[in-house]
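The next part holds the structures, each set out as structure tokens.
Presented sequentially are two complexes of subunit A, the first with subunit B as partner and the second with subunit C.
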Partner chain A sequence: MKVHVDMSICLLHGQCVIAAPEVFSFDDEGQLQWLADVDDGLRADVEAAADACPEQAIRID
Partner chain B sequence: MTLSALDPGTAPYLDLSDPTFSIRSEPVRQARAASWYARTPYGLAVLRYDDVQKLLRHPKLRQGSYLWPQHNDVTGKFATWWMSMLLCQEGDTHARLRRMANPAFSPKLIADLLPKFQALAGRLIDRFAKKGECDFIAEFSEPYATGVICDLLGLPFEKWRELADIAGDMGLALGVTFKRDLPIIEAATEKLFAYAEELVADRRANPSDDFIGMLVKANADKAQLSDQELLDMIVLAIFGGIDTTRNQLGLAMSVFIDHPDQWALLAERPELGKAAVEEVMRVRPTVTWVTRAATETFTYNDLEIPQGTTLHLFSQSAGTDPAVFPDAGFDITAERKAHFGFGGGAHHCLGHFIARGDMTEALKLLARRLRNPRLNGEAQWLPDSGNTGAISLPIAFDPEA
Partner chain C sequence: MTAAPRITIVGASLAGLRTAEAVLAALPEARVTMVGAERYLPYNRPPLSKDAAEALAAPGADAAAVFERLVLKSRLATGAVDMRLGVAAEAMEKDALRLSDGTVLRHDWLVAATGLRPRRLALRGAEGRRFVLRTFDEAVRLGHAMRPGARMVVAGGGFIGCEIAATARKLGLHVTIVEPMEQPMIGALGPRVAAAMAAMHRAQGVTILAGRSVAAVSDSDSAVILDDGRALEADLMVEALGSHPNVEWLEGSGADLSNGVLCDNRLIAQGADRLLAVGDVARFPNPLFGPAPRRVEHWCVPGQTARRAAETIAACETGRDPEPGFAPMPSFWSDQHGTRLQSFGAPALAEAAEVISGDLTQVGTEPVIVEYHRGGRPVAVLGLGAPPAALAPHRARLERALSPETVE
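Showing the complex of A and B:
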């Protein structure tokens, strides 16, 4: 499963980090890091992250 | 050079304790042009878009009102709920509760509710459309905001008055007379918990995929969401959803009365409903600021912010910051950056998909049916700071044939 984040609309609220901490995280500079290619076992978490994003910036393929 | 937020320094001063203070006043605009922050009687005010965005999610800040009952020397049922509920949690506990709540607030669940919101708005408008006048708050925004919560909870619309009164009584806890009004607040809190318990008992007996049903499902694993946390969450959803939506819709009507061409445009092009909600919330959010408190001393923009400092992040001032919105006239067709009317960061409003959905449906329908709305007498307003809005908003419009 491929995960995309549209950084042109992301406001770094961090709701994805709360919803799917194994996939999304903030680095020391506070920038969003994420796994672009994720095992299907984490699909439910990633979908929850995409749903929870206030800016709806996450797309799953 | 690093300044301390404790120094008087040269930063502008805004007297937030003055009842006539307005978030939209010239002194706020001047302060924003001169400085990213202002001093206030209760800590700092943060004025510019970029700084509001950064500080909403700053790791050295926590949500700022968790000590409110303590500051008022109040204990009891309301205080216990306040200190335990999602908004006042941080870190792992906050993340766990938020994960448990998210499915009940997901955009997928809201789609099923939109037809109900349309029906509710239509029914309310039917009652006054032919008269050509109404009090927009008493006859539309309050029953609508509360009716939406009834739909969400699966309660009949007839319950709206009782729920609105309970939420109103509980809301006294946010005012300066918190301690004096405590008996009323405690009684309302008890009633709301009784409602929540009834709803939970019903869904345990009749499992469902609606809002309460999803929360009851999350409660199956008590380690993830305990029985008490489940009730706390339902009470938060009811308490948090009523006054905010009522106020925001009143503000929307007031803004559109000042911009009749935009109202006519929305009537013609209902697909602009969603953008209309965003544009109203950018220039006239009911939540004019959110608060954060420093968990430790840290330096930001060369300013030392001591542990315990309260920061008021001005969403209204950020949304009209000329550095980000140079051509900031009210325009529902403009492409804009996101506003902070729903706060931001870990505590971003949980109910925003519901609020956006219900306000979009309401504005689309109102614009189509209430032509040429105008003020029809004197409106009564809450102070233009904190959580603002109209208490009454008498309007006239072209009577429906």
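Showing the complex of A and C:
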């Protein structure tokens, strides 16, 4: 599955990092990093991360 | 079970939408109907006191464009759910539900996701100058009134009150918060943090009248009268005094409706075994915080309870017992004067607060992290202007400290 974060609306709440730490993380500068191509085995976690995003910035294809 | 279960979800906001998605993911054959009193597709409410409020107050604001950005992303396939929008649930009739358009819906499972409505001041008069903030239509109406230079009284200094006060200051209004308790947000944040937040609001030009309440509004002039007799000039007043759960339609269901819908840990209503509750109306025990059932009005709760309710229904439909021990971590955030508050756990349950990083006199200029304790154990962590990366390890530590295995 493909994961995309719209950084024009992301406000770095960090809820995705908590819901799916295998996929989303903060780098040393505090910027959001994520895996763009994720194994389907993690779908439930990634969906939980997308649901938890207060800005609804995460898209899963 | 042989026939596809009929599942009626009442409430078409975040909790209803996430429940519909989770139910169909677990039981693709289920026939799901969603009933929503508002005429809108499910949308995101938190921005209504923040950036959407600002956008709606702009001269010539395009409400439709603002709404477009609030619509919640959905995983529902087109036509997967029978959506009845602009229709309210009126009453239970045995195992069926009567809607405001006269329709009667039969169900195997009923999910209450009807959320809250704002509490109003028990006062008459000045209706044209009085506002609440829960729905998009209410936000549009308030947006028209938030003109630069206007004098705004916010009755109630909870999160919504403080957020709309901060937004109004940014828009150039004169803002006074009238808070019945000693500080705004004191119940949610405790006295030390609430005092620091009050100082930040004052530094941003918000007047705070604490320990006071609104006693009357004048129809003849623009006065708002406080309980000590003082009169405030107000072109508009926002009533932000908390909320009532929308549960009247469930009278006669057998459920305990004394504060939302009393549920067990599976989210099945006590006294009504085909009824579940999700989101703001669900009052359920969370093992992270002991056996007392509680209602939690945080944005994260709809998603967490929706998945739990779907799991419960799916387990019952397939003859399994739902997994025990639903223990969701509460979290909330608030944005005020450009400072983000981010909380994990339940600061409202704490007896004491300890600053573990930064200095509360610097809230708004430097990051601060506060840990809350009850009975000597951490129950919450709050960041004020703290970067999420700095909060993440504290959140993980909190999770370990609260886990039911550690507690008892």
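Quick note on the criterion: the second predicted complex is superposed on the first by the 61 of 61 C-alpha atoms of A that agree within 3 Å, B and C clash if a C-alpha of one lies under 4 Å from a C-alpha of the other, contacts with A are read in each partner's own complex, and residues count from 1 in each chain.
Definition applied: a residue touches a chain if its C-beta (ideal position, glycine included) is under 8 Å from a C-beta of that chain, and two chains touch if they have at least 3 such contacts.
Every value quoted in this text rests on a predicted model; they were computed, and no experiment measured them.
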Between subunit B and subunit C, positioned on subunit A by superposition, is the outcome a clash or a fit? clash
With the two complexes superposed on chain A, say which partner A:G14 touches: subunit B (first), subunit C (second), both, or neither. both
First, second, both or neither for A:A48, with subunit B first and subunit C second: both
Touching partner for A:R59 - first (subunit B), second (subunit C), both, neither: second
Touch check for A:K2: first (subunit B), second (subunit C), both, or neither? neither
Would you mind listing the overlap between the subunit B footprint and the subunit C footprint on subunit A? 11-15, 18, 30, 48, 51-52, 54, 56
For the subunit B and subunit A complex, residues of the former touching the latter: 53, 56-57, 59, 94-95, 98-99, 102-103, 106-108, 338, 342, 344-346, 348-349, 352
Write out the stretch or stretches of subunit A touching subunit C in their complex. 11-15, 17-18, 26, 30, 47-48, 50-52, 54, 56, 59
Can you list the subunit A residues touching subunit B in their complex? 9, 11-15, 18-19, 21, 30, 48, 51-52, 54-56
Contacts from subunit C onto subunit A in the complex sit at residues 18, 44, 46, 72-73, 75, 299-300, 303, 307, 331, 333, 340, 342, 387-392, 395
